[in-house]
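This is the structure, below, for whatever I ask next.
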Amino acid sequence: MEWFIAKIFAKYNYWVSILLMMIGFYGIVAKDNLIKKILGLNIFQTAIFLYFISLGAVKGGTAPIVDEKIIQKGYLYANPLPHVLILTAIVVSVATTAVALSLVIRMHREYGTIEESEIIKKSSEGHQTGENSKVHH
Amino acid sequence: MIIPIDLILLLFVVILAITVIRLKDLLSAVILLGAYSFLMALIWVELQSVDVGFTEAAVGAGATTAFLIAAIARTTRWEKE
Amino acid sequence: MNEKERDVIVETVSRVMIPFIQLYALYVIIHGSGGPGGGFQGGVVFASSFILYVIAFNLAGGRKRFPESANTLFSSLGLYIYGGIGLLAILFTRGMAQYLNYGFIPFTSHFEENRALGMDFVEMGIGITVMAIIASIFFDLAQREEPVGEKEEK
Amino acid sequence: MSNFIEHLPLLTVVISLLSAITILIAGWIYKKIAWWISLVTHLSQFTFSLWILNHVLTHGPIHYRLGGWVPPWGIEYVMDPLNSYILVILLFLALFCLLYSKRNIEHELPKKVVSFYTVYQLLLTGLCGIVVTGDIFNMYVFIEIASLSAYALIASRGKIALRASFTYLVLGSIGACFFLLGIGFLYAVTGSLNMHDLSLLLPPFYKNRVVIAAFVFILVGLSIKMALFPLHTWLPDAHAFAPSEISAMLSGIIIEVATYAFIRVSFSVFTTQFLQLFPIFEILSWIAAGGIIFGSILAMTQMNLKRMLAYSSVANMGYIMLGVGLSTSTRLGLIPPLIHILSHALTKACMFLVAGAFIYKADLWYIKDLQGLGRKMPYSCMGFLLSALALLGLPPGVGFVTKWYLIIAALESKKYIFVGVIFLSTLLMVFYFWKVIEYIYIRIGEEGAKEIRIDEIPWSMLIPVMVLGSLCFIVGIVWLTEIPLPILDRVNSLFKLGRVP
């Protein structure tokens, strides 16, 4: 039991991160709705961020802001480098979401639906008539 | 036994994530995703990264939710079976 | 989001809130190099004030307050500041210092002070760009007519 | 003067970014100026890249520290023979796609000219950034910049391209997340992100399971980006329905840059020592061989010309990865894949540009509609013929050179079955290219043919096609003279390859 707590349970951050990754991945793969896929993608990305932040955390540490009092009291700082990386990754993630949403909106205008299977059906109907190849301004 | 606060937060986060994926109403799913992001921000503050927590609260809970709601307003609210 | 009933409480509250949100955003941008926050977060907070305006009033009004031309101008202005500051370091030392080595830009006589000032300027540049781009993404997503297309993040 | 050259790797990235926003502002005032600004930027970037290649070959690698921070902490840009070679190919191809795009974009996307060139410059920023950087996280950021621009550019044609772009976006984001997770594992083990630093810190942990997991995550993530065989599903639609110059860029260089990223990570971060501990590269070469056969067979069944070329790209990525997979066990090392990156860039870009010419003139998408075009558009069809023959392996075309070196590599490492795979795929390639050539040149005046009056495409579009088509053979002859081979030998010695273990 002690082994369990020390080896498995004490690393709960990582377990939850993996769990969230799986949930997000399920959302991306199994859901038909395009917005649901985007939500799944967001969860997937935050799970990876959680992993990174857990890497930088120090037990009994404090936020990496330089302050005289904190140094005198002898606190440890959390590693700030993963934080900076994740800031950049959050920028990337919000940009991805924005591009994906604009694609979804344009697809809704073209096909009138945001379910992937219906879009595939409609676009393959266009395939046979050669409709889809034409450019629509 | 004292249960660490981040364990409770993580539990909530997992529940919220499952609910977000399972809900058929996209608008509620998006709002719950905002709550999820906010709890995530709390976890990150708890893990000593104030900066990322702040960013996630501003971006994940704020901007992304606004984008998603705007997109839902232009498309449909209900996911089909 | 275009036509809806006017809600006096929401309108009044947001009329009061918006200046404070923007002030807070500026605070976050300026204090980014010494504490939590920075250009990106401040820019997002600033843009959220426009989003609040659109939610409380209407989209057309928001677009009028922050037109597309201003959007384009601000988003490129910020990137020019960001890229230009870095290039200044190369120009002032005739190629001795590296890109983004702000210490060599002669704002003041101190190397470290120059570096801090350079970082502040870069944060401001990032803040302006992010503010403009987040706002423009929101406007494009929310607009019912012809959307302009995809915008890139910095 | 050499001081100025030190700044060039960075300037190629920065002027591209600055020109993107200059286009946005200037195009808002006067629309037509967008292309000219882009052209000036491309020309200067291309000159810079040649200069860098020359400097690297004569004076050795360039190390550039951003902001003056010393490497393990700051971001470092490193130029060595490998990435200066890739940078030259990248900017050369981008320049020709830009020349081609002037008339084509005015025709296809008249309302979006300015935003097209803005995003195009951002794409180039990302691609140059991937190539010049020496920091693994910085590479992730640039990969995402390039991919986001690519999604937007693919989607710009609307309709079915939207779906293709969305699929690419979802898969590409998953790939990027895997790459990021791999970086996270590496960081957890070593605490560093600089590639050179990582390669020094990693050796004690080679048997560590976290490091192996990191390698696998990075491999899978980048395989999605480079459309390696079982993970290629986004590629055909995205290539087929994007604007033609973007198809040419995607097929010719974007997936190759992802391959470069993989080569860089696997040889610069994990060294050959690590790769020989496990049969990773052997598995990779089998997967690549599967990709060659699969891509060739599916290309035969396609009716749509651009889709056929897209499946052919899957097969050609198989060739490149087969070369990479064999690289640790032969004396040739990385020579075959690096030659094939150049061959594929030239030939496939030329073919996509010709396919775009058919679409530009008469909206012809299907192979059966191309009847008799050999007489109506002689020069562009000549470009297609030349590049198809070169890719097939007609000596002295570029395809012949790559196949020659690949076969030598396969024989040297005693994997005789790969020789059979190469011959079989060449046979299949003959089938599907013959179909196109037959319709263009031989089947004339059959019933059911569309009666259309077509003449040649404008000069600004024809020149890139002709230049690329003729380069397919000129470059092949240059390779056969073995004059440029010392560049690739330098790459091999950089990674301690090219010796039989």
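All chains are identified by letter, namely A, B, C and D, in their written order; residue positions are counted from 1 within each chain.
Going forward, a contact is a pair of C-beta atoms (placed from the backbone, for glycine too) under 8 Å apart; a residue touches a chain by one contact, two chains touch by 3 or more.
Fair warning: this is a prediction, and the values are worked out from it, not measured in the lab.
The greatest number of inter-chain C-beta pairs in contact is found between A-B. The centroid of the Cα atoms in chain A and the matching centroid in chain C are 24 Å apart. Centroid to centroid, with C-alpha atoms defining each point, chain A and chain D lie 27 Å apart. Computed from the mean C-alpha positions, the centre of chain C lies at a distance of 35 Å from the centre of chain D. Put simply, the C-alpha centre of chain A and that of chain B have 11 angstrom between them.
Across the assembly, chain A contributes residues 63, 65, 82, 87, 92, 94-95, 98-99, 101, 103-106 that each touch 2 or more other chains.
Contact of a single residue of chain C with at least two other chains is seen at positions 36, 38, 40, 137, 141, 149-150, 152-153. Chain D has residues 148, 151-152, 155 in contact with two or more other chains. If you draw each protein chain as a dot and join the dots that touch, the picture is not a line, a loop, a star, or fully joined; it has some other shape. A list of each chain pair in contact follows: A-B, A-C, A-D, B-C, C-D. Per the touch definition, chain A reaches chain D in the complex via residues 25, 28, 34, 37, 41, 44-45, 48, 51-52, 55, 81-82, 85, 88-89, 92, 95-96, 99-100, 103-104, 106-107, 110, 119-120, 123, 126-127, 130, 132-137. Chain contact summary for the complex, chain B toward chain C: residues 50-51, 54-55, 58-59, 62-63, 66-67, 70-71, 73-74. On the chain D side of its complex with chain C, the touching residues are 3-4, 6-7, 10, 14, 17-18, 21-22, 24-25, 28, 64-68, 112, 115, 119, 122, 145, 148-149, 151-152, 155-156. Interface of chain B with chain A (complex): residues 6-7, 10, 13-14, 17-18, 20-21, 26, 29-30, 33, 36-37, 40, 43-44, 47-52, 55-56, 59-60, 63-64, 67-68, 70-72, 74-76, 79-80.
The touching residues of chain C, counted against chain D in their complex, run 69, 72-73, 75-76, 79-80, 83, 86-87, 90, 95-103, 148-150, 152-153.
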